[in-house]
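Structure first, commentary second.
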């Protein structure tokens, strides 16, 4: 599993690639949290577009990052989820804490638009 | 493992594809022999271009077909061998009984040209 | 493959083996001509069960083994057993509830058993405290498209 | 993968398992970042050893098992043991000679052991009549390109 980062304003975009399981999620989690702190980001976008395998560790990863961004009143978005990833996230009801977008571009646009009033968390796609 | 056939004059061209091992070679062998008899062919070209894996069963397959074509004074050629297949055939000294060509076209040309006088079997590429 | 087949495996309880175990399951199932969907579902369920053994079964010592058994019958029914000889589960019914976890609740989702149940036809968990846990995953491949 | 790892396998003596065994070897070795060449060599050697057990070990009955053990140490040395409890080999030295075969000599080449020796760093055969055969395949991965 590899991860690359991009910052747009206060949004940390984390692009995961490879297989996400309990083994790989530990290192990935630490890397994301470290980068989030270093760049003093507020929001996190997790891109799963290049994730070739994911089990429920992915849910743990999103939940963990949700707790992290909440401390700074940030939000979390997931993008590029394939059919299997979507099924797992659906089972976990992840859309109550993270919004899902087709692409990073759309997620960024939603972050930039979204005011405090938006009921971001309750919305699903 | 799949096999397709083509006849050019008295040459049976057998195009193998997939993984050639002890398991798959049994069926392949029977299919080639049956087709060779049905079409009353003389020579056999074995194309390994689409063979993705081969162990020493491939040597047995060539030796067995060599014994078959000899009964009709035919010859045998192998084409499209990758690096690993070539190494195995080299170890077995297969080029004392079968000639190796880059493509089926070249093998056919050699068959059509080759008179009885040619020391086909002793030649290596 | 038309004959019945079976392989048994024993592996070390290290997290690298999560990927190895699910890829071995894929290797075992592949000759039966599964759909991509079936293959992904089986890999995911095996990954969950093996991760659980690695994460929950042996506590701090971590030098136990995981035992896998994969079986295919002639009808295309796949049975995969993932077994450990670890601490076992006190209340299996509760453990299988969505979102229930005894792991680090900020990082584990408690969704492992739920994913297994959603991705396989049947999941059976036999466990008793101190004796270990046996998870049986069953799925019948849709053979209509096959031979 | 930097830790030592090991898996043990038991499989039925059916020829479908030649492909399964070599693909499992590939799955086991893949995380160690082998070259395509190393991976192909290991798969080929495992295919030869497993085919031998299926073809020669159990005679007509054919309901024996094959036992595999794959081990990787931290230096990238791979050890794969392929074992059967079949008829064994009377004269190992002779069996290992190129072109020697007791199989159908029109279809078997007698090149199995020669290929194993050419493709691995070391091949050791322990066998005694009536007790079975243990083939140990060893290869050290060239780690220069790796991590």
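Chains here go by letter, A, B, C and D, matching the order in which they are written, and residues are numbered from 1 within each.
Here is the rule we go by: a residue touches a chain if its C-beta (ideal position, glycine included) is under 8 Å from a C-beta of that chain, and two chains touch if they have at least 3 such contacts.
Because the structure is a prediction, the values reported are computed rather than measured.
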Inset, instruction - Would you mind naming the chains that touch subunit B and likewise touch subunit D? - result: none
Inset, instruction - Going chain by chain, each one touching the next, work out the least steps from subunit B to subunit C. - result: 2
Legend entry - Where subunit A and subunit D are represented by their mean Cα positions, the distance between them in whole Å: 45
Inset, instruction - Using mean C-alpha positions as chain centres, tell me how far subunit A is from subunit C in Å, no decimals. - result: 27
Legend entry - Inter-centroid spacing, subunit B versus subunit A (mean Cα positions, whole Å): 55
Inset, instruction - Could you list which residues of subunit D touch at least two other chains? - result: 16, 19
Legend entry - Sites on subunit A at which at least two other chains make contact: none
Inset, instruction - Kindly provide every pair of chains that touch. - result: A-C, B-D, C-D
Legend entry - subunit D residues within the subunit B interface of the complex: 15-16, 18-19, 22, 40-41, 43-44, 47-48, 51, 54-55, 98-99, 106-109, 111-112, 114-115, 118
Legend entry - subunit C partner contacts - residues on subunit A that touch it in the complex: 19, 21-23, 25-26, 29, 53-57, 59-61, 63-64, 67, 83-84, 87-88, 91-92
Inset, instruction - Note which residues of subunit D are touching subunit C in the complex, please. - result: 1, 3, 5-12, 14, 16-17, 19-20, 23-24, 27-28, 30-31
